[in-house]
Amino acid sequence: MTKTRLEAFSDGVLAIIITIMVLELKTPRGTNWEAIRPLVPVFTCYVLSFTIIAIYWGNHHHLLHTVSHINSKIIWANTHLLFWLSLIPFATAWMGENHFERISVAAYAVLQTTCSIAYYILLRVIAGSHPHNTHLREPLEKQSKKGVISLLLYLSAVPAAFIHTAISASLFFLVAVIWLIPDRNIEKALKE
Amino acid sequence: MTKTRLEAFSDGVLAIIITIMVLELKTPRGTNWEAIRPLVPVFTCYVLSFTIIAIYWGNHHHLLHTVSHINSKIIWANTHLLFWLSLIPFATAWMGENHFERISVAAYAVLQTTCSIAYYILLRVIAGSHPHNTHLREPLEKQSKKGVISLLLYLSAVPAAFIHTAISASLFFLVAVIWLIPDRNIEKALKE
Amino acid sequence: MTKTRLEAFSDGVLAIIITIMVLELKTPRGTNWEAIRPLVPVFTCYVLSFTIIAIYWGNHHHLLHTVSHINSKIIWANTHLLFWLSLIPFATAWMGENHFERISVAAYAVLQTTCSIAYYILLRVIAGSHPHNTHLREPLEKQSKKGVISLLLYLSAVPAAFIHTAISASLFFLVAVIWLIPDRNIEKALKE
Amino acid sequence: MTKTRLEAFSDGVLAIIITIMVLELKTPRGTNWEAIRPLVPVFTCYVLSFTIIAIYWGNHHHLLHTVSHINSKIIWANTHLLFWLSLIPFATAWMGENHFERISVAAYAVLQTTCSIAYYILLRVIAGSHPHNTHLREPLEKQSKKGVISLLLYLSAVPAAFIHTAISASLFFLVAVIWLIPDRNIEKALKE
C-alpha cells in the first residue's frame, strides 16, 4: 500500500514534469520559417529532456518493482530526487531559449550531475534497506554501474561546455544511448 | 503491478496533455464579440484535439486491458507514443492562433500521422509480445484496421491542406467519427 | 480493473482542472492594496469554482463507488462531462478578470448548466447499464433530484445575470450549499 | 477502494501543486549574473515551499496509512486542506518576486498558519471517526503535537515579519527541521 502511493506520487510528479516542458514551446506568431526557427533549439532540448525523464521513470519503475517495504529514508531520498528532476523544465527552457549558450549548457550539465547523484543516493538507500533481497541485487548492480558512468559523463560535460558546447551535447546523447540499449538482465528480472 | 504503473503514468500524461490545452484559451480582455471572436478557431481546435486525445485514451485503455505482461519494448513504444501526443497541445495552439492557416493545418496533420504511426508501433509490439493471447486478437485486429485507415486519412490531410484547409478539417472530423462509432466487438471483449 | 482506470483518469483530469485555476491568480507586482485589489474578484471566483469541482469529484466518487462494470457508453459520457468541466478554469478566469461583468457571469452560468446536463447524462447512462444494482438506487435518486435542482438554478442564473449579477452569484452559492449539506443516505450507502 | 481514490486525488493535487511552482521560475533572457540574480529569492522560496509540501505529502501518507474507512466529513476536511495548499504556489511566487518584502512574508506566514489549521482539522476529524483504532493513536499524537508547535511557529512568523523578515524565515526553517528529523515511532508504526 505504502509503496503504491510512493509510486503514484512519483508517477504524478514525473508525468507533470515531462508534460509541462511542452508549455515552453511557445506558440509562434506566424507560420513562416522566421517564426519557427527560434523553436528549433527549444525543441531539441525538449526531445533531450523528455528522453532523460522517461529513462528516469523507467529506471525508477524497475528499481521499485522488487522493493518490498518503504521507510522514511526511502521517502526522503525519493523526494530529494524529485526536487532536482523538477528543475529540468527550467534548465531545459533556459538552454533552449539561449540557443545552447555555454553557461546555460554547463548549468544543464550541473543539474543532470545532481540528478544522477540524487538517483544514486536513492539506489544506496534502497539497497541499505533491503540487505537480503536477492531480487534487487541484479537491477541495483546494473543501475549502479550505469549510474556512475552517467554521473561521470554529465560531470565531464560541465567543463566541456566551455571548450565547445557540442562536446557536452554529445555526452548528453551518449548517456541517453547507454540507458536506451536493451538490458537483458532487467528483462529477466522482470519476468521472474 | 508493472502494468498498473505503466497505465498510471500514461493516464497521468494523457490527463495533463488534455487539460493543459485549456491554458491556450487565453482569457479575453472584455466581454464583447470583438474580444471573443479570436477565440472561436482556438476553441474549435481545442474540441478537436480533446476528442482525439480522449479517443487515444479509450483505445490505450482497451488495448492494455487484455495485456498480461509488460517488457522494455512495450515501455519504450508507449513512451514514444506519449512523446508525440505531448506535442498535440502545441500543434493545436499553433493551428488555432493562426486561424487554420494552411501550413499550420498541414503541420497538425503531420503530427497526427506521426501519432498514428506511434500507436501502430505500440500495437505491433504488444501483439509481438503476446503471440498466444487470444483475448488480445480481436481488439488488436479492430484497432489495427481502424488505425491504418486513420493513418491514411491523416496522411491525405497533409497535401489536402494546400488545396483547401476545409478538406483537411473534414478528414480530421472523419477520423474522429470512425472511432466514436460504437464497436460491438470491443464491448464484447470487455465483458469477458 | 477497467473501473479503476476510469477513476484514475477522471481523478487526474479533475486534480489538474482544480489546480491549474490557481495559475490564473497572477502574481501582483507590489504588495500594497492597489496591487492586490484586482485579485479580489479573481480569488472569489477561484473559491467558487474550487468548491464546485470538489463537489463534482465527491459526487463522481460516490456514484462510481457502487458501479460494478464499465462500458463504452459510460466512458464516453464520462469524457463528455470532463470536457465541459475542463472549461471551468477558462470561464472562472474570464468572470474574475472582468469583475463579474454580466455577460461573463451569464457565460459562467451557461457552462455550469451544461456541466449539470453532462453529469445528468452520465447518471442516466450508469443507471441504464446497471438496472439490477440495488446499491446504486439510493445515490442515483439523491443525485438525480439534487442534480435537476442544480441544473434549474444554474439555468435561472443565466437570465438573472442581466437583471443583477448578485442574483446569479446567490444562485451559484445556493447550489454549493445544497451539495455541501451532509447527506445521511450517501453516508449509509458508503458504510455498506 | 474509497480510501484509495481519496489518496489518488490528494496525490494528484499535491503532485501538481509541487510541480507547477517551477513555472514561476521564469526563464531569464541571457545567461549573465544580472539575468540570474532576480531568480535567487524566487528559487529560495521554491526550495522552502517544495519542502513544506513534501512534508505535507509524507504526513498525509502516514496519517491515511492506518485509516480504515472514509466518510463525507473526512472527504471535506481533506478538500479543505487541499484548497489552502493550492494557494501555496501563489504565495510562494508573490514572496519571491517581491524579494521577501515584509507584507508578502507575513501573507506567506498567514497561509501556512491556515494550512496548519486545516491539517489539524483533518487530524481531528480522522481521530473522531476512528475512536477504537489503536494503530492510529501513535501517529495522531505525534502529528498533533508537532502540528500545534508548527501552527504556533507560523503564527509567530506573522507579526515577526514586521520586525524583521529574517525572523519569519528562521521560523519557517525551524518548522521544516522539526518535521524532517526522523521519527522512530512513525517508522515503527509503518513496520507493523
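Labels A, B, C and D are assigned to the chains in the order they are written; within every chain, residues are numbered from 1.
Simple rule for what comes next: contacts are C-beta pairs under 8 Å (C-beta built on N, C-alpha and C of every residue); 3 or more make two chains touch, one makes a residue touch a chain.
Small disclaimer: the values here were computed from a predicted structure and weren't measured.
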item: Between chain A and its twin chain B, rotation from the CA superposition, multiple of 5 degrees; value: 90
item: Farthest-lying chain, centroid of Cα atoms versus that of chain B; value: D
item: Interface residue overlap between copies chain A and chain D, same or different (over half shared); value: different
item: Distance from the mean Cα position of chain C to that of chain B, given in whole angstrom; value: 26
item: Computed distance of Cα centres, chain C from chain A, in Å; value: 37
item: Overlap residues in chain D, where contacts from two or more other chains coincide; value: 8, 12, 15-16, 20, 23
item: Chain A partner contacts - residues on chain D that touch it in the complex; value: 7-8, 11-12, 14-16, 18-20, 22-23, 25, 27-32, 47, 50, 54, 57-58, 61, 65, 180, 182-183, 186-187, 190-191
item: Residues of chain A defined as touching chain D within the complex; value: 1-2, 5-6, 8-9, 12-13, 15-17, 20, 23-24, 69-73, 75-76, 79, 82-83, 86-87, 89-90, 93-94, 97-98, 101, 103-104, 107
